[in-house]
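Below, each structure is written out as structure tokens.
The following pair of complexes shares a single chain, subunit A, combined with subunit B in the former and subunit C in the latter.
So, the complex of A and B:
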């Protein structure tokens, strides 16, 4: 895939409209970051792009290379190149990490599945690169993983699957600085003309390690401003209220985390 | 719609579903085929005293056995059909063959087995399994064991492994001491019926101190429409001895129902050990109503491992009577019920001596409108001081049309005991499904992975070969559940 285009996207959850017309274009090779106050629709945007059935698209389009994908199921979107590093990855007892990731890779090559031995090599290489413990392959998927281990495990999946566009939903939350560096190393290693990301974050800190080409600010379910990486630094200093007032938006900002799912 | 219409509809749907599954799954669906073997003798449909006399005469049984059969038959007639549990009104007892003898003799070499029968068991994989990893193997077809053999190295240790009819002829004292010592004909109506018309089954005696860790397997095959299979299995594990016994069963898919009503008795003496593994893979026209009971002596261990797939209706609650101090009993079971299938199963742990312990772990999966119920009993008798029981029932419902229930019965007559009970019914979690699918895995494969993960505690207890078999079975069962 070369381009993800989001046109006037409106999304509701439980009949409440969260996204009120999002426009965004991400071209191959570009690193984008979305920032914004709590409850403004950042995670809703990532879930809607990925195809979470709990999020209803009421208007607008999501296109991959000009083709509308809003009718595609989440697994179809994944196979067409999208990836979402989850904010809260699920625990699946009885399914080993290794077996899960191999199934994910093989879902993309039904006619020529990778052998366990081949996959073992790839897995080991990426695991070591992310400084994860050796037994991580044999452990059940996310079972008993610490917050940091879960985030690294998301990045491990990304490295093995090699998607074209990775949505990183608060990949920095709950990480200490060492873990954050490892996660950033993983993402940066993916940088190429065929890879792009959409990072959702509250904090400038992540963007020091994964420097974006563009920063977007969301407020009230829309992207209200887009600029280069300096925008994030300015927000860090001035907060969202300053930007809101500059743009003359009539919005109240809340620090209460709202769970829309 | 009447129950009968409903049953017929379920069958039709089940059949077409099976056909569709067969197309998709290659080897595994082969178990629902039938062959055209002609039996050498049959008592015809239906049951009366004359039929029982003919069975006994055909088997050249001693008088006491015939008398016992007749008494059991009288008890069968006198007992009402049980009213609790699944609906059994669809069983047409008049229309069942109670005894079908497939061959004139029993074989000890697969090369001598008639071609059509050998082909059937080849397709199931019985001779191959025997060659590769079993200490002994037997095969029952309709009413009789047609083949059994034990590898020489094991035979030398003094183990007796034969069919139950042969045991009655060749080991009359041992047989009479233990036959019906645990399951009396009056235990339930189907046990009475089994005692009246029993035929075939496995007989194992493991002498003192002999430990066999290589599994012994028996395979039970129903081939005909309206077949009734009433095998009787008797296992005696003497002091300090051990045995690992595995049984498999399957049948072709027909429109008319078949009845499988087995009785199994396992006696384990002091310090003995028995693991009894069942993988039942009946087609969806078989009523499988079994009575299985074990007695564990001082410091003896009985382990039931029970995998239930298919059948129309299964009722099975294997028990362990913990009769000696320090005895242990476990049940690890998995039940998978799809369309038109009702599995009512569980276990019974009866603590009758001090410091005994038991554990029941029941995992079940209901999909495509199937129903799985856990029905279990734990009893602590007056002498059970210091005993402990643990019961854990987990059920996954794959869709809204499927259902499950947990029905525990507990009786405690001694204050110094500990009992834990956990029961959980959950749906295949939407979050888990979404997570796996967000990696490109299809809904069907993702569901399969979640379900296989759910039963992993069960599969890891099985011998390797059976774990592979079970995984195949699970995948076969789950095909078409989603997407």
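So, the complex of A and C:
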């Protein structure tokens, strides 16, 4: 996969329009970040790219290497190189982490599946790299995991699956500094000409560890500004109101204009 | 013999099996060929033979009336129900196993019954002596070759197990009757004082099977855990009824039945906890759950608590639900196709029965049987 192109994307949930015309291009090798106030559609964008059936595309296109992928199911998109590290990963009892990740890896190599023995080596290597406990392979998928452990488990999956485009949906939420460093170490280790990311985050801090090539700000369901990493630092200082006013946007933000009656 | 049988026919009723129409299954008055194939394959470890463990193949030998062998006709009484009565009068094969008092085995005993393409009546009797400790793996299966595919087969199995005081038994039962077989399986176990039973049953038959598991906690302080896993596929009708009777004091029972209904099959779980007057401080808990993958199937989990003693703790839970769509979506988001994702979840539910089961290679029979049924592909679809 070389390029993900999003053209004028409009997405609704339960007939409510959330994305109002998103335009974005992500080329292989690029690290992108998306920031924006709550409710502005960041997670909706990530869900729409992955093909979550709960979100309806009402206009616009999502293309991979020039081909429209709107008809592809979630699993088809995953097999074509997309990966989404979830904000709230599901718990699946009875299915071990090892078994699941092996199945996910083999989903991309139906003709030459990797055996348990071969996979064990890769699994152990990546697990140790992310400083995760030895028993993690035997434990059931995300069962009994803290929020931080679940996020690390998402990164472990990413390292094993080796996707072309990884969407990281608030991978930093709920993480302490040490866990954040480990996650960043994992993501940075994937940097190459064949790998790109779309990081959705609220906080500048993540972007100190995973320095992006481009930062986009979403407001009111579309990308209103794109620039280099300094944009994130500016938002940290000024909040979104400053940017909104500069752009002359007619939007209300959280905590503003609340009725104190 | 047949005329006598017909006279006695009016004595015992059909077994009580809620939600399963046993009458329609036509299991009464079976035509049973005395020389029907009834192979017994067994693995009895050396340490067991040396310690006096004896296994008799009832197809080839008359039952051995060892003094004190209590498990013949004393746990599953003939007049309990008509099918048990008929089985005990005309069984063709099966096994009798004796583990003498005090024998502690480190390796499991494995007994496998392989039936032919004919109506069958199988009998099993196991006696575990006081203070003994043993794991028994038992399996019953029909022929798997493709001959006689159209010939339907009916049968029954009656199994009795006596566990004497302070003995500790792990019993692993694998039922793998084939697509032509309609059967009633009745297994009854009696525990004396301080005895302990860890019973795991994998219900993997492929046509119509009503499987009854009964445990009588007769002795004070006796404890039993009964775990059942089952998988129903297209057009199969599988019923499981697990009952624990508390008679002694301080008895503990756990019933845990989990199943998956993959297609338009029928899966019934009945759970019965009976606490008799005098069974003080009984602790009884049961749960039954069924995961439905298809709207066309039928799944029912029926718990029943019959409590005649006030000084007890008892609880129950029953659920029948869809496979979790969020879980499926998560698994598919990593590239797994829907069927693969479903199989992972199904395997998770069924393999629960293997938790803490140890490493012996014979136990691979359990995992392989489960895997076979999950991945079975119906060629005519």
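Side notes on the structure shown:
Definition applied: the second predicted complex is superposed on the first by the 254 of 261 C-alpha atoms of A that agree within 3 Å, B and C clash if a C-alpha of one lies under 4 Å from a C-alpha of the other, contacts with A are read in each partner's own complex, and residues count from 1 in each chain.
As a convention for this text, contacts are C-beta pairs under 8 Å (C-beta built on N, C-alpha and C of every residue); 3 or more make two chains touch, one makes a residue touch a chain.
These figures come from a predicted structure and were not determined experimentally.
Overlap between subunit B and subunit C is detected when the two structures are superposed via subunit A.
Residue contacts after overlaying the shared chain place A:86 against subunit B and subunit C alike.
In the superposition on chain A, contact of A:95 is made with both subunit B and subunit C.
By the touch criterion defined above, A:45 reaches neither subunit B nor subunit C. In the three-chain superposition, subunit C clashes with subunit B only at 20-28, the remaining stretches of 2-10, 20-28 or 38-46 being clear. Once the two complexes are overlaid on chain A, the subunit A residues touched by subunit B in the first and by subunit C in the second are 50, 52, 73-75, 78-79, 83-84, 86, 89-95, 99-100, 103-104, 107-108, 140, 157, 161.
Residues of subunit B that touch subunit A in their complex: 429, 431-432, 434-443, 445-446, 449-450, 452-457.
On the side of subunit C, the complex with subunit A involves touching residues 324, 326-327, 329-338, 340-341, 344-345, 347-349, 351-352. Within the complex formed with subunit B, the subunit A residues making contact are 50-53, 73-75, 78-79, 83-84, 86, 89-95, 99-101, 103-104, 107-108, 140-141, 157, 161.
Residues 50, 52, 73-75, 78-79, 83-84, 86, 89-95, 99-100, 103-104, 107-108, 140, 157, 161 of subunit A are the ones that touch subunit C when the two sit in their complex.
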